[in-house]
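As written, the chains take the letters A, B and C, and residue 1 is the first residue of each chain.
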Amino acid sequence: MNPYVLDLITASPEVLVLAMGCLILILDLFVKDPSHTSTFVLTMLTLVGAAILTLFTSTGEVVYAFNGLYVDDLMGDLLKLVLYLTAIVTLFYARPYILQRPDLRRGEFYVLMLFATLGMMVMISANHLLTIYLGIELLSLSVYALVAMNRDSVASTEAAMKYFVLGALASGLLLYGMSMIYGATGTLSIPEISDALVANASNPTILIFGLVFIVSGLAFKLGVVPFHMWVPDVYQGAPTAITMLIGGAPKLAAFAITMRLLVSGLLLLAPDWQGMLLILAVLSLAIGNLAAIPQTNIKRMLAYSTISHMGFVLLGIVVGVVGGDARFALNAYSSSMFYVVSYVMMSVAAFGVIILLSRAGFEADRIDDFKGLNKRSPWFAAVMMMIMFSMAGVPFFIGFFAKFSILQAVVASGQIGLAIYAVLMSLIGAFYYLRIVKVMYFDEPIDESPIVAPMDMRVLLSINGLAIALFGLFPQTIMSLCAFSLLRSL
Amino acid sequence: MEFKLILFYVLSAILVGSSLGVITSRNPVNAAMFLVLSFFTAGAVWMLAQAEFLAIVLILVYVGAVMVLFLFVVMMLDINFDRLRQGFWSYLPLGALIGILMILEMSIVLGGQYFQVLDTPLPPELANSSNTKDLGLLLYTQYTYPDQVAAAILLVAIIAAIILTYRGRKDTKRQVIADQVAVKAADRLRVVKMDAVKPQPAVTAAPESEAGDGAAK
Amino acid sequence: MDMKSLYLTVPLAPLVGAALAGFTCRVAPRWFSAGVTILGVAISLVASLLVLQDVLAGHTFYGNLYTWATSGNYTFSVGFQIDTLTAMMMCVVTSVSLLVHIYTIGYMSDDDGFRRFFSYISLFTFSMLMLVMSNNFLQLFFGWEAVGLVSYLLIGFYMNRDTAIFANLKAFLVNRVGDFGFILGIGLVLAYFGTLDYKTVFDAAPSLADKTINLVGSAEWSLMTVTCICLFIGAMGKSAQVPLHVWLPDSMEGPTPISALIHAATMVTAGIFMVARCSPLFNLSPTALSFVLIIGATTALFMGFLGMIQNDIKRIVAYSTLSQLGYMTVALGVAAYPIAIFHLMTHAFFKALLFLGAGSVIIGMHHDQDIRNMGGLWKYMPITWITTLIGSLSLIAFPFFSGFYSKDSIIEAVHFSNIPGSGYALFAVTASVFVTTYYTFRSYFIVFHGPERWNDAAHVAAAHAHDDHAHDAQDAHGHDDHGHEEHHHGLQPGDKPHESPWVVTFPLIMLAIPSVIIGYFAIDPMLYGSFFDGVIAVNKGMPVMANMEEEFHGPLAMAIHSIQTVPFWLMMAGIVVTYYFYMVKPSIPDALAKKFSGIYKLMDNKYYFDAFNMAVFAGGARKLGAFLNRFGEATIIDGFFVNGSAKLVGVVAGIVRHFQTGYLYQYAFTMIIGVFALLTLWFFTT
């Protein structure tokens, strides 16, 4: 068969999403229904189709396509499947929210969601610095537009502006770093960079120089200190449905490019980037947890919580290689991957609850809006409690095992002090999660209005909450999937 | 060879100077014009490196399209740039310090042997080939995938621009026949119940007929 | 159906029943809660019987079903070990549980907590099955704590009653002490064997038999002894051995069906089961076995004494349970594990029978539990009377009854043993025979024979009983005197006791059958046949079982031979003495109590265990708490950690707010600074 056709088959999920994105864009012009139900359904079908294609084209081996610019491996497949699932869940949660807001209730919302998903898919499957960069840009541009879509809201516009400018700066940093790496190794392909490093044919100073910029660019995408400044403002300013998108799936893609760039490409520089990431992780854990405490806006609080969670993810990546010994690497990286996956699950659920409480003209984004939730809806108060417990790392929810596996990797690397620090910080962090639980159960409701949400969202949110508890009882399923996929990919 | 070197330094000096002009000039139009100048000189530097296609594209696209558009925007919006740049001078010392330090560090790194200007002759097989053709070949064979992704990015940019700015025309007189047909009496006529007993002789409800949207437009 | 799914069905069916009944306990009709849980347990029983049949055909199973977590080099799994021991326990647990479920329909018929109760006991059945089916210590511990949890919930079932809450708390605290030892033991196993799987641990045990560890200073302690004693401390808590027995009598605050199921037949025997399961470990430490033996013997004798003076019908049975648990522990101590398990099984049936019979009496007496208000009940409650008599005969080891075979085997086993403490144990278990007979028949005669006392003196006596027993604060808490609770209990003047409904009597009859016959049929295969071959380790240093096998010539011969033995005559003497004391001359016991008032007082105060615990442990803990509150809480926690971290949060929040201004250029500048700092740092370090 023509190699180009083979390439297309390998990349068929991307091809499908791109083609359907364009098609839906055009078809939506003919949709008269103001709720754009058919667009919604088509988008869902596209995501499901992409999932099916990903499953069926997965060979379990590492397959390169498009002259080595694209790679299809198990890690990518697993992350992509989680990505589709997250996107589907996000859309389900987002739908009642956008239906109540005329500026968001447009077909383009779904198209941009699809393109953002495409961008993340490109990032996850990238095997080349150019592809990584283009994936980031595709994702970012879609998200900027989505954040600004609520164009009559000053907060949203401002958030979009900040995100856009800072994102451009971060892209610049990343590009600059990439050009340095190119200068030092003479190639942009990740495997070739790795080969060049092994052959020791490059100037270490320039490599380190480029590495600093690359790490900075990645840190922006992950939202870790000191590249986190956009996170609280954008989380708070963006419409909740979009915040849910920003806070969820992109972390999967950011994890993927971190693995590809740093582990697949620059593993020989591990002592250097581990040191850099360690500083970022330590700062993130401190700032994220401490700054979340005085917040009164729950979206802002979750933003800081995200920062601390990403600090945890970095901890796993930091302890992969110990003194040139990569024995623990697989364990460490798979615990990070597990953390990311479980974080996404919790984050989407948390924003889902915020959306559940909001209605036209009311955002439910203050912590006070959660007061007495138990009296209004005991079940969803329980769901929110499970999410908060899980985020705080209370046994036996999935968040506990996520933190546990990271800490275990840290301890295995011999950095006990670091593990103690992380535990202390998450203890402090438990405070603000438990405060949500406290206001839900022990305070009198301010807002007495009944909770209106479509049945599909209620069911999905319940399943999401239960999954957090259930996978907390049976964490091994996801853990071993992560470990296996990494084993077969790296 | 000597002439090329001199030309390079002259052009580079203009490039750096005009770039500085972009961020220091108080008048936005001036800044834009400085940017145009720096694009031109950058194009010229590329031309020196025999990358004629890139040089021309830079000038055509950036100068010819982007910057002209940008100038329109600047002139139409009448933004008070001075207010935007409030505090510029108070932040300058710190910013300048960091900037200078970074330049120092970068120059030490980049001053290494890898980044010295080496007079490497072009590979012979490239010497006579067309820059445009080579790029085209690469773009549509080796780099099809990123090319397509880039296309998607541009599409997203278009969508974004439209949804963020287009609000539909307010002055259209377009008729929506379906709405007109589907209109019901209740849409146009509002029956108001009023109290029959009033101090003054009661006026029986005299509803005013309200024109439906469809009919008016 | 393949066997794995069958194994899974056994614990999961009650769990599903418990969940369905529990989650609908506010809305569902009563028949639903009862029906769904009974169905679950019945399925479980059928599956257990199938498993037993399969195991007897030689198919055992050992394997993991699900890897629960992996941590470093340790793997924690959920798995089953299905062998004869497990299969037997499964059948005992599910059959007794099913009968108790049915009985509950009658016993709890007018209780508000009917549905909640069904959910609890089904959950208990699930937990107990997980405990016995486990193939590793972690799952064992899960089941251990889960049965404990349900036990606490059920002891405090009447949550509006202060005494129930006190008993509940007491059980909880005492079990914590045992669990502390237990988890230390499990920790030692994990630390030295690197795994918690039974098979791996037991296979590796002989190689570590001589290993010593340093606990305090440089003294060398045998690892096996320390581990076994730690594990056994867990068993002491759960199986209520001296001195951790204090919670069991108080646990009678719970409804009678759970006293039968949890606090007599199954849960309290978990410790016995655990030691038998860990027989390969205990065999390696004669010291630990001696410890077990002495604790067991003490429990058997001294707890029996206490049963002799009780007046609450349930408490008498409770103390008899303690004493019988002591017997089982004694059997463990002489390394006669099969006998312990054998007694566990027969005891499960006859003790459940006695408890349910007591419950039936309580129903008949309208929830009056004081035996001094009863008498002559045999006329009114014939089925209860006959079945209780059968249970009593089994309990006192009357020849041919089940209890005879197991209990006499224990005495025999102690006889053959020569480890340190066996002399004391032999005296204790032999003397206990008389004691057992005394308290059993004392209660039997007073309740079912003699004058009918409920008509005239019912309420006076109840009030008197209360005063009589209100010795001190905690004792009053400990005593349950249902006549004075929120309901007006007891028979109205002119009422007559009545036989209980069939849902109550049916389980009695069903339990009476194994109480009579199972010993006769099971003794040969279980003790001397190949039933436990390869399941329970044979102690090579103590050939107790082998010696006994030589002496054993079949169940019939054993019964006939017993007529020539001391225990038989002690038992007969017990019956005669009791008959004389309570049927012929009822004034003697009171006179004796007056004469030996010192001993009587000691026993009436349960050897002052409760008072000691209250004064030393509770009081000490309160003093420690007060000190820690003053110093630790106020100074360190509040002063340093709480206020300190609040300050830290304030400081950091202040700094963050300084940066998080909302100004774009500051954000960008922060990023640049970040890049610059990293760059500089690496520039100067490399």
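Throughout what follows, a contact is a pair of C-beta atoms (placed from the backbone, for glycine too) under 8 Å apart; a residue touches a chain by one contact, two chains touch by 3 or more.
Source: prediction; values computed, not measured.
Two chain pairs, B-C and A-C, are weighed by contacting C-beta pairs, with A-C ahead.
Central chain assignment: A. Criterion: smallest distance from chain C-alpha mean to the mean of all protein C-alpha atoms.
Computed from the mean C-alpha positions, the centre of chain A lies at a distance of 28 Å from the centre of chain B. A separation of 77 Å divides the Cα centre of chain B from that of chain C. Chain A and chain C, compared by their mean Cα positions, are separated by 50 Å.
Counting partner chains per residue, chain A shows two or more touched chains at residues 205, 209. With touch defined as above, residues shared between interfaces to two or more other chains in chain B number as follows: 109.
Multi-chain contact residues, meaning those touching two or more other chains, occur in chain C at positions 673, 679, 683. Across the complex, chain A meets chain B through its residues 7, 11, 18, 21-22, 25, 65-67, 69-70, 106, 108, 111-112, 115, 118, 122, 128, 130-131, 134-135, 137-138, 141-142, 144-145, 148-149, 151, 183-184, 203, 205-206, 209. Contact residues of chain B toward chain A in the complex are 106, 109-110, 112-115, 141-146, 148-150, 152-153, 155-157, 159-160, 162-164.
For chain A in complex with chain C, the touching residues are 161-162, 165-166, 169-170, 173, 204-205, 208-209, 211-213, 215-216, 219-220, 226-227, 229-230, 232-233, 272, 275-276, 279, 286-287, 290-291, 293-294, 401, 404, 408, 412, 428, 474-476, 479-480.
Residues of chain C that touch chain A in their complex: 66-72, 645, 648-650, 652-653, 656, 659-660, 662, 664, 666-668, 670-671, 673-675, 678-679, 681-683, 686. Partner chain C is touched in their complex by these residues of chain B: 91, 95, 98, 101-102, 105, 108-109.
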